[in-house]
Amino acid sequence: MSLELQGVSAGYGAGDVLHEISLDVRPGEVVVILGANGAGKTTLMRAVSGVIPRRGRILFEGKDISRTGPEQIVRLGLAQVPQGRGTFVDLTVEENLRTGALSRRDSARVNEDLDRWYTTYPRLAERRRQKAGLLSGGEQQMLAVSRAMMSRPRLLLCDEPSLGLSPRLTQELFASLRSINEEWDMSMLIVEQNAAIALGIATRGYLLEVGTIARAGSADELSDSDAVRAAYLGY
Amino acid sequence: MKTRLITAASGVALLALVSACASPSGDGNGSSGGSGGGGGGGNAAQEAAEELGIDLSKCPTDITQPLTGTLKIGTPLALTGPAAPAVAPLGVAQQAAVDYFNETADLPVELELIVKDDQFAPDKTLAVAQELVQSDEVGVLNGVVGTANVAAAREVAQQYCVPLIAATSGGRSANDPTNYPFTVPWSLPSYVDVSAWVAHLEEDFPDGAKVAVYTANTESGEDYLEAIEELTEGTNLEVVSETTIEAADSAPPAAQVTTMKASGANVLFAAPSPTGQCSSLMTEVANQGWDLDAFMLTTQCTVLQLMEPAGAAADGVFASTYINDPALDSAQDDEGVQEYVAAVEQYQPGKPIVGSTMSGFSEIEVLVRAIEQADGSPLGASPLGILYAATHMTFQSKAMLPGVTYSLNYPQDQVAMESAQLSQFSDGQWEKVQVFDFNGETTGKASIGD
Amino acid sequence: MTSAKQRLVIVEGSALHLGLRIAGALAIIATAFALPYVLEPFRLSQIAGACVYAMAVVGLNLLAGFGGQISLGHAAFFGLGAYTTGVLTTGYGVDPALSFLVGIVVCFAVGVIVAFPALRLRGIYVALVTLAVGLIFPTLVIRFADLTGGSTGLFGVTYQPPDLAYFSGFNGRVYWNYWLAVAGLALACLVVRNLMNGRFGRSVIALRDNETAAVIMGVNRTGTRVVVFGTSASIAGLAGSLFAVSSGLLTPLSFSLLLTLYFLAGMIIGGASSFWGPVLGGFLIYFVPVWSAELSSINGSQNLAGVVFGVIIILITFFLRSGLAGLVRTLLGLVVRVEPRMPVAVPSAARASLSEPRLTERHHLSAPADDRPELDRSGVGSTDAARNH
C-alpha cells in the first residue's frame, strides 16, 4: 500500500474539520478526491503532509507518519502540489525548482532532473532566471508540478491543479500527470473540482462531504453514481 | 567561489604591502616626542606641565607657544533633539559673550566661537569634539554640558592637549584632574550643594531631624545620594527613607511621596531629574498634604522656568544657586546682570533671555579671565598658560551671585565652585538666606583624586 | 531585447564578467586602504561609525529583508553587544577580541530565545515581541547600574591597536578602529552573502514568500528561523561591540527605539533584501544626521535629519520600491546587461502536441502563446492568495 489513512481526524484548533477519514492509495494508482468547497479536501492534504496536527494512523509505504514532521515526510518520498500553487514569488524559477529538491543531497542528479523538467516545460527554461512571481498562472502551475517532482517522490499529492487554468491547459496538465504516473510508476492522490477530467485518469476515487467519506469506488462507479453526476459532472 | 578567493588574496596582499610601509598621515601630525619645552615658557612651562601632570612630549602640538591672532573656541552643544530647548540658549549667550569680550576685554587674541550640534548624545559629543579639534583646529574646548558628554569630550581634550574649560557637570566623576588634567569642570557639585543643606539644617534643627531622600536614578542622583549619606553621617540628621525615580518618568511621584511621608520624615532632600521632575515633586508633596519642616531641592531645579509650574507648592522650598537668574526681581537692579543682559540683547537681538543665559555668558567669562591671567604670567597666553591660569584662579563673575566665587588652586583646591547661596522660594522669587563657603574643603570629595 | 543593442552585454561567468567583478572588489579594497591617507582622522572615525551602523543594517536586513520578519528590537542586540564588550573589558579586564566573541554568542543566544515565541507569530506580532525587547533593554541597563554604569554611562572602553608600525602613530587608534569597523562590515556582508546564496537562502525566502508551501517543500521552519534570528542578532551585537570600542563610552540613551527605527529606515532606503543596499543605507543613516548637524547653528536649527529621512522614505515607497540598490541596478541596467548562461540543453522546438495522450520518452507541456492573455486576465494569483489564507 502506498498510502493508508485509518480513522484520521484533523482541524484547525476550533474543532475537527476531518472526522475519522479512512482511505488508501495503492502503488502506481491515481486516486481522486472529490468534494464541495469547504468539504475538507485541502485539510486532508495538509494532514497527510504533516502541516497541521492530526490524530489516527497515516501509513506511508507501511510506515506510520502521523507523528512525523513535514520536512521529514518530504524526505520519505511524499510531495505535494499545494492548492493555489504556493509559488515563491521572489525566488527565480530555477530557485523554486531547487527548493523542491531541498531534501536531496545528490546535486548531480538534481541538475539532471532540472534539465528534465526544463525539457518538459520549455517555458520554464526560458524564464529560469526570472522571478517566479512574474510567471503566468499556467506557467506557475507547471512550476508547482515540476517543483514537487524535484524531490523525486513516490507519492504525489495534488490539490486542485486545474485551478484557474483554461480547459485546454487543464487537459494538457492532466495528460502530463498521467504520463508522469505511468513513466515514473508514481502513486497520486489528486483533489479536483473538475470531476470529469480527474476521473478520466483516476483508477479510483473518494467523495468527501463535510469531513467524512461519503462514497468510495472505482472511477467508473463514481462516474455512474447519481450523487457525483449531479454535483460534479453536471449531467 | 573563485572570485571570493581572488578577492581575499588581493586584500591580504594589499594589507601586507601597506603595513610594510610607514603609517599614514598621522606622523605628520606629530607622534614624535620632544616638541615641548621649546616654547615661550621654557622652564616655567615644564614646571607648570609637571604640576598639572601633563607630559608635553605626548602632545601633537607645542602647547607652550603663546597664541596670537585668532583663538577658536569649540563648543559641542545640543542644538537639535529633545535637550535642545534647555541647552541651546547657552550657545546664544556664549556667542554674545564672545562678541562682548572681544570688544571690552584687553585680550592678546581675537576670540571666535564654533558651536556644533551634538544632540546631547555622548558618542556625538565625542565625534563633534574630534571634528572641532581636527578640522576646525580650535585651540580651546569650552562649556560641554552633561557628565557623560564631558566624559566624552575630555578624551579628545586629553589626546590633542586642548584645554576643556568650563566643562559643565556637577558630577564627581567629571572632575578627575589626575587622569584628565586638560579638563576643568565648573558648576556647583552635588557634594557642595548637599553640604549647604546639611550646614543649614544643623543650625536650624539643633535637636535633629528625620530626613527622606528622593533622587533620580541618574548619575547625578546617585552622586547626591552618596553625598547625602556621607554628609549626614555623624550629624543628628537621620536618613529614614530613600526613594528613587527613573530619569524618564514624567508621572507624578505619588508612590514615592506616600512612602516618604509614611516614614515619618520631617525634612526632604530631593534631587529629581531637572528635565520635568522638579515641579511634579513639589506639587505632589503639596497635594498629599505632607507638612515638611524643610524641603531641600537640588540646584539643578532652581531656574524660574522649572519652579514656576509648581505654583504655590514651591513656596518655602530651599535650594542653592550660584548664577544669577535675570528673571528674578533681585536681578533687575543688579548692574552686573543688567550689563550682560544688555550685551546679549545687543549681539543676539531678539533671542529670549532665560535662566541659563547667565550660565552661558559666564562660561566664556571663565575662559576670558584665564586668558587675561595667563597673558600676564610667565607662561603667556599659550594653551598651557590658559590651562594653568584656569586651574589657579579666583574670580567672581558679574553673572554670579554675590559671595559666590570661582576658585581653583591645583592641586590643593581642585573644585571650582565651592560656595553656594542658599535661598528660599517665596511668591515666585528666590529670597536669599545665607551664603555657605567651603572653599578648599571638598577636593577629593566633589572630585576624583586626591 | 531590442534595446540590448545599445547596451553592453556581458555573459554571466564569462572572463569579462569575472574581471569586472574582481575590478570592483579591488576598487573597494583600494578605497578602504586609501581613505586613511586622504581623510582627516575625525572623518575616518565617522566612516568607522558609518560602517558599524551599516553592519547592524546588514544584520537587520537578513532578518527583516530576506526573512520578512520586522524586528523593532535590533538596537537592543546592538546595545547588548556594546555592553558585553564594555562591561567585560572595563570591569573584568577581558581582552576586547574575546569580548567580541562573547558578545556574538550572547546575542545569538538571546536572538534565539526571542525567535522562539516569534516563530509561531507573524508580521505585527513578531514586531511586538521584538519591540518589547527593544523597550526593556535601556531599562535593564539602568537597573543593573553597578555593572553597566546606569544612565551615567560606561566610560573608557578601548581596544589598544596591535603593535604594528601602521598603528603606531598619533592617530593609530583611529586607524585601528577604522579597520576593525571595515573588517566587521566586510565580515557581516560575507556571512549574509554566503548564507543567502544557496540552499539556506532559498529556504529563507521561500518561508517569507509562502510559509505553508515552504514547509510542504521540506523547509525546516524552526531551524531556519532560529538561525536567521540568531545570526541577525549576533551581527548587530558585533556591530555594537565595535561601536563600544570606537566611541569609548556607552549610555542607555544610545540604544533606544529610535536607533532601531534608524536601522529600519536604512534598510528600506538602501533596499531591503539586497546585498549592497543595506550598506548604502547604513552610511546614509549615519551621515544624514551628521550633515544636518553641520547645518545647524545657534541661530536657528531644525532637526533636518528627521525631515530628510521622512521625505526619502516616502519617495522610496512610492517610486523606488527596491530602494537605492534598486535604483543603482536600474541605472546600471541602462548601460549594461548581464546575460545568464543558458541551460545545457533546451530543445528549442520542444513543443510537441499533447493531443497524443501517451507520450513515452519525454513529456512536453507548454502553454501555447495565444493562451497567455487569457491566463493573465483570469487573475489567478489574487484569488488563490485569498483562498489560501
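Order as written gives the chain letters A, B and C; numbering starts at 1 within each chain.
Here is the rule we use: a contact is a pair of C-beta atoms (placed from the backbone, for glycine too) under 8 Å apart; a residue touches a chain by one contact, two chains touch by 3 or more.
Chain-to-protein mapping (UniProt): A = ABC transporter ATP-binding protein; B = ABC transporter substrate-binding protein; C = Branched-chain amino acid ABC transporter permease.
Just so it is clear, the structure is predicted and the values come from calculations on it, not from any experiment.
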Based on which chains are in contact, what kind of graph results: line, ring, star, complete or other? line
Measuring centre to centre with C-alpha atoms, which chain is farthest from subunit C? B
In angstrom, rounded to a whole number, how far apart do the mean CA points of subunit A and subunit B lie? 75
Distance from the mean Cα position of subunit C to that of subunit A, given in whole angstrom: 37
Please compute the C-alpha centroid of subunit B, do the same for subunit C, then give the distance between them in whole Å. 40
Where on subunit C does subunit B make contact in their complex? 18, 21-22, 25-26, 29-30, 33, 36-37, 40-43, 45-46, 49, 139, 142, 145, 150-153, 155, 164-172, 174-175, 190, 243, 247-249, 251, 253-254, 289-290, 292-294, 296-298, 301-303, 305
Show which residues of subunit A lie in contact with subunit C when the two form their complex. 46, 49, 51, 70-71, 74-75, 80, 82-91, 95, 98-100, 102-103, 114-115, 118-123, 125-126, 128-129, 136-140, 142, 147, 151, 163-166, 168-169, 171-173, 175-176, 178-180, 182-183
What part of subunit B is in contact with subunit C in the complex they form? 2-4, 6-7, 10-11, 14-15, 18-19, 21-27, 29-31, 60, 77, 79-81, 84, 88, 91-92, 94-95, 115-119, 121-124, 126-128, 130-131, 133-135, 147-148, 151-152, 155, 171, 173, 217-219, 222, 246-247
Taking the complex as given, what residues does subunit C use to touch subunit A? 199, 202-203, 205-206, 208-210, 212-220, 273, 340, 343-348, 350-351, 354, 357-360, 362-368, 371-372, 374-376, 378, 380-381, 383-385, 387-388
